[in-house]
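Okay, structure first, notes after.
Order as written gives the chain letters A, B, C and D; numbering starts at 1 within each chain.
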Amino acid sequence: MSNRIAEGFTMSEYFRDIGSSITTIMTGMGITLRHFFNAVKRKGGAGIDEDNYFKQVDGLATLQYPREAIPTPETGRYRLYCDINDCIGCKQCERACPIDCITIETIKVTKDDLGVCGKTSGGQQKKFWVPVFDIDIAQCMTCGICAAVCPTECLYHTQVSDFSEFRRENMIYHFGNLTKLEAEAKEKKLEEEKKAAPKPKPKPAPKAQPAEGG
Amino acid sequence: MQELGKSEQSSLRVTPQGKGRVLIEKDLSSEEMVLNMGPQHPSTHGVLRLECKTDGEVVIEAEPYLGYLHRCFEKYAETVDYPGVVPFVDRMDYLASMNNDLAYCIAVEKLLDIEIPRRVEFIRVLVSELNRIASHLVAIGTYAIDLGAFTPFLFCFRDREHLLGLLEWASGARMLYNYILIGGVAEDLPKGFIERTREFVSYFRPKAVELQKLLTENEIFVKRTRGVGMMPADVAINYGWSGPMLRGSGVEWDLRKIDGYSVYPELDFSVCVPDGKFSDIGDSLSRHLVRAMEMEESLKIIEQCLDMMPGEEGFNPRAAIPKRIRPKAGEVYGRAENPRGELGFYIQSDGKSTSPLRCKARSSCFVNLSAMKELSMGQLIPDLVAIIGSIDIVLGEVDR
Amino acid sequence: MEETQANAAGESAEITTAKAVWQVVRDAFGEAVSELDANPFMPFFEVLERERWRDIALFMRDDPVLLFNYMACLSGVDYPEEEKLGIVCNLESLGKHGHKIAVKVKCEREGGAIPSVAKVWKTAEWHEREAFDMYGMIFTGHPDLRRILCPEDWEGYPLRKDYEVQETYHGIKVPN
Amino acid sequence: MNTGALLPNSFPFVMSTSLNAWSDALSELYLFGLPLGLVIIAAVPLVFIALYALTYGVYGERKISAFMQDRLGPMEVGAWGILQTLADILKLLQKEDIVNKSADKFLFVIGPGVLFVGSFLAFAVLPFGPAFIGADLNVGLFYAIGIVALEVVGILAAGWGSNNKWALYGAIRSVAQIVSYEIPAAIAILCGAMMAGTLSMQQFNLLQEGPYGFLHFFLFQNPIAWLPFIIYFIASLAETNRAPFDIPEAESELVAGYFTEYTGMKFAVIFLAEYGSMFMVSAIISIVFLGGWNSPLPNVGSLALNDWTNGPVWGAFWIIMKGFFFIFIQMWLRWTLPRLRVDQLMHLCWKVLTPFAFVAFVLIAVWEIYVK
C-alpha cells in the first residue's frame, strides 16, 4: 500500500485523494448526523409476527431489556416444559435427546390403579407412573428433537426465554407425578401384584431402566 | 539468551582510532519481538491466537494457533444418531446455522437417496439465504469495527436483528435453529412469513445502500483495505479457499452454481466477482465487496423464492423424513455454499448403526485461515487486523 | 429409495468422468492405484503403494488432462477391522474440467506413515495436521507436523475408535 | 456556570456590568491576609472543567455515539442516565489498583499524573471571559501548545512503565503521532498569531471583539483563515488521540494502547486527561479563530444582540459553547470514520497537512502585509 503510494503518485492523484477523502467523509458524516437527529424517534416493540413490524418508525432500535423485550413469536422454542398429565412414560424423548439432559424413571401401573392413573388428553390409557421426569434445563440446547418424537405432544418448548437462576440445582426441573413416598408405595404394590400373579411376564421390569436406556 | 548475546555482538561496531583508542558504535538494528495476539484480543473474532514475530510495526510472520474452541464435534457426531448431529452442526458456524444444516442434510440425503418435496427445498433456500445475509452483515460489521468504525457495526447488527426475528419466527430459535432436518424442515413457514420477508427485502435495500455509503465508499476504509492482503487466484485455489474469499481473488466459483444443489439451478442470480475498478483483485477490499454484493444477490434469490414457492396445501414439512435414519454402507462427501465458503461433510456409514461411523466437517473458515501465515508476512499490525477481518473467521467453525 | 433411477442419470456423468480420470492415473502409475470404486455417492480409488502417493498427487495436480488444482477435503479415517488408518482426499478440478474424484491412502495403525502432500496442495498442510492430531498417522515430509486442535501435550488420538480419554490433564479432571 | 444562558435577553448588559464590578470586588477580597478572591476566580473555570470532564464529556460522548448508532445509551442511572458517569467514577474508585509485578513502578505511577498535569496546565491560560483567566501570559498561546507536549512524556512513561507490549506499541505510536502533528498544528496556530500580532490569549479575544459579532472573528477576517483553521482542527484531533487518529489506543489493534494495564483511579485519571485536552484544543481553536468569549451575534440595527450577549458570564457561556461545539464535531467524526493506519497517518501529517500549513502561512502573511 505504502509502496503503491510511493510508486504511482502523481500530483493529480494526490489532489484527487484529498478530494475524495473530503467528499466521502462528508457523506458519512451526513449519514450519522441524520441518525443523530432521528434519535427523537424510537422503534416500537412490535414482534416480528405482527403486521406492523416493518412499519414501525425508523429510530432508536434499543429495547431496555428487563422492562421491554422483543416479543417471542408463538413458534418460539425456549424453555422445555412437560405436561406430565399427558406423559405416557414411553421414554422416547430420553433416547432422542442428543445430550441426555432428560432423565425418566417409570413404574408400571398396577391393574387396579389404571383408573387412578387416568388417560391422556388424547384419550390414551397411561400405563406407567412417572415418578422421575427431570430435565436439566441448563444443559438443554432447545433443539426440539425431544418435542418432535413425543407421541402425545406433552413435551414442548414454551416461549419463556429468560429463566436464569442463581443456583444450578434450580435449573433441574422436576416434572414427575409421584412423590418419593408415593413412588415407593407404587413399587411395592407392583411387586405384590407380580408375586400374586407370576404368570407369563415377557415384559422387562420397569425398574431396569439403565439397561433399557442404552 | 544466546541469540540475544549474538545479536548484541553483531550490532557493535568497533573502529580503531589510533593511540590504543577504539570507537564503539552501536547499530540501530533491532531485535524481533514476539507479540502474542489473542486468544483474548478484540480483533481475533473469538479465540484465535496469533503468535507474531514483529519488527517494530511490521509483522515478519504470524503463526495461528487454534483449538481454543474445540468441542469435539467429529467425535461427538460418532456417538449420536444422524438427526441428533444437526444441533451440533448448528453450533459450528453459529452465525450461519441454516447453511450448516443445509450442507449436512445434503450430505446425509445424498447417502440416503431420498427426494425432498419442492416446497421444502424452497423453504430451505429461503432461510439459508436469509441467514447468509445475516452472516454477511456480521462479517461486514465486525470488519468495520476492526478498522475502527463503530457505527456501521451497530447498523449491521440492527438490521441483522430483523433477520434473526424472521428466522426465529420460522424455526423457533434465534441463532441455533435445528430447522433444516434430514429429509425436510421442522415446521412449515408461519402464516404471514412470506409477506414479512418481502417487507424485509424492501426495508433492507436502502439500508444496504446507506451502509455502502457509510463504510464501503469511505476513503479511509478503502485506503485501509485496498491492496492489503493480496492473494492471487492460483495460490488461493491451492490453499483451498472457497466462497467470498476465492471470489475476491477473481475466481468465479460458487457451489450454488457449480453443484446446483437444491433449487438453485432454477433461480436467477449471478456469482459476485469484483471487477477490479474499485479494488485490486485479491485484496481485502475485494473480499469485502464480494460480501456486500452477495447480500444484494441473496435478496434477489429471496424474492424469487417467495415468488416461486409452491403453495402450502396439504404440505407436511416432515413428510419425507425417514422414520429411522440408517443409511446404506458407504461414504459420501456432501457440500454446500456457506457464507464463508465451501462447507463439506464427509460422512461414512457402516450400514448397521444409526450414527455415522465418521463425520468429518470440512470447514471453510479452517481452510481459509490456513493461508494466514502467508498473508501476514511483512504486513503492518493494522494490516494484519484488516486481513483477519477480511477472512471473516468464525472460531466455532475453525475449531469445531 | 424409488428415486435412485432418477438420480442415476445425473450421477452417472460424475461416474464416467471419474472413470476417465482414474484411467489416466492408472495408465501413468499402473498397479500403484487400485480399481475405481464407482459407487454413486463418491467414486474413489485407493493408492496401494503409498510411497508413490506424493508423485500421484503431483501428477494429478499438474497433468493437463486432470488438473486437480483444488483439494476440497482431506479426512483422516480409522479402519479398526483392517488394522489401518487412512486418509480420504476429495479432489476437484476448478476451472474448465470441473471433475471430481476421491483418493484413499491407508497406512498401518501403529506408527504408520503417509507421504505428505502439503507441498502439492497447501491446504493439505492444516488438514494433515488435523488428521495427525486426531489419528496419529505420520505425514512424512510435512513442513510443520504438530497437533492443531488438541493441546500439544494431549495424550492419545481422539478420533481413533479405541481411544480412551485421559483421566487428568495438568491436574484437571477431564470430563468424559 | 452557564447561568448566563438563563438570563432574560433584555438586561444581560446590566447584569454583566454589575457582575464585572462584583468580580473586581471579589478579586480584591483578602481574608486572613490571603488573596482568597483571586483563588475563587481562578478556581471557577477549573471547577467547571472538572465538572465538564467528569460528567458532560463522558456522558455526552456516550449519548452522542448512541444516538448516531440508533441506540439509547446509558439510561439506568438517573433520568436518561445523567448520573451514569458519577456511577462509573464511584465504580472506578472502588476498583483494585493493580500494578504489574514487572512494571516499572515509578514510571507506571507518574505516567497518568504527568498526563493529567500536562493536559490541565494549559487551562491556566484559557480565558473564560474578560474577568476569568488564570494567568494572562504574554506568551499564552505558545505556553498552551508547549505544555500540551508534556502529555507525550506521560504517555511514554505509562506505555513503557506498564511492561506490556501493547502498551509499548501504543506509547510509541502516540509519541510519533503527537510529535509529528505538533508541526502542522503549530504552523496553523502561527497563522492565527500572525493575524493577531500577539501571543496573549486574552489579547486574541479582545482583538476579535466588535459590534458585528462573528464578522470580527479571525476566521471571517481573512479569506484564507479557513485553511489553518481546518488544519489545526485535524491536527488537534491527532494530538488528543481522537478518531480517526486514535491509533495509539486502537482497541481492535492494540487492545487499549498505552493504558492497557491501568485500572481503577489511574485509568480514570487518564480518561479525564483525554477529555480535558479535548476541551482544551477546542477552546484554543475557538479562541484563535472564533473569537473566544466574544458573542457571535451581530448588532442588527436597533437589536443590539452583540452588546446584550457579551460580558463575563456570557463570555464563559460562549467559550464553553464553542468548546462543546468542537467537542461535538470531534465525537461526530469519531463515530463516523474508520481509523487510519500508522503510515497513512504520517502521510497525512507530513505530505498533506504540513505543506498546506506552509501554504496557508505564506498566504496569510501576504494578506496581512499587503492587503490588509
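As a working rule, a residue touches a chain if its C-beta (ideal position, glycine included) is under 8 Å from a C-beta of that chain, and two chains touch if they have at least 3 such contacts.
Only a predicted model underlies this, so the values are computations on that prediction, with no experimental measurement involved.
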{"item": "Set of chains adjacent to chain C and to chain D", "value": "B"}
{"item": "Comparison of A-B and B-D by number of C-beta pairs in contact, larger one", "value": "A-B"}
{"item": "Interchain centroid distance [CA atoms averaged], chain A/chain B, Å", "value": "27"}
{"item": "Cα-centroid distance, chain B relative to chain D, in whole angstrom", "value": "44"}
{"item": "Distance between chain centroids, defined by C-alpha means - chain A, chain D (Å)", "value": "53"}
{"item": "Chain A-chain C separation of Cα centroids, rounded to whole Å", "value": "39"}
{"item": "Contacts with two or more other chains, residues of chain A listed in rising order", "value": "1, 25, 28, 31-32, 35, 61"}
{"item": "Multi-partner residues of chain C (each touching 2 or more other chains)", "value": "none"}
{"item": "Chain D: positions in contact with at least two other chains", "value": "68-71, 335-337, 341, 343"}
{"item": "Touching chain combinations (by label order)", "value": "A-B, A-D, B-C, B-D"}
{"item": "Touch list for chain D against partner chain B, complex", "value": "65, 68-71, 165, 169, 173, 243-244, 246-247, 250-255, 335-344"}
{"item": "Footprint of chain B on chain C - complex, ascending", "value": "1, 3-4, 6-7, 39, 41-42, 44, 69-73, 75-78, 88, 90, 94, 98, 102, 121-123, 125-127, 130, 134, 147-151, 158-159"}
{"item": "List of chain A residues in touch with chain B within their complex", "value": "1, 4, 17, 20-21, 24-25, 27-28, 31-32, 35, 47-49, 51, 53-54, 61, 70, 72-77, 96, 98, 141-145, 148, 157"}
{"item": "Chain D partner contacts - residues on chain B that touch it in the complex", "value": "33, 35-36, 41-43, 57, 144-151, 154-155, 158, 214-215, 218, 220-221, 223-224, 380-383, 385"}
{"item": "Sites on chain B touched by chain A in the complex", "value": "80, 83-88, 90, 151, 158, 161-162, 165-166, 168-173, 176, 178, 186-187, 190, 192, 196, 199-200, 202-203, 210, 213-215, 217-220, 223, 226-228, 318, 383"}
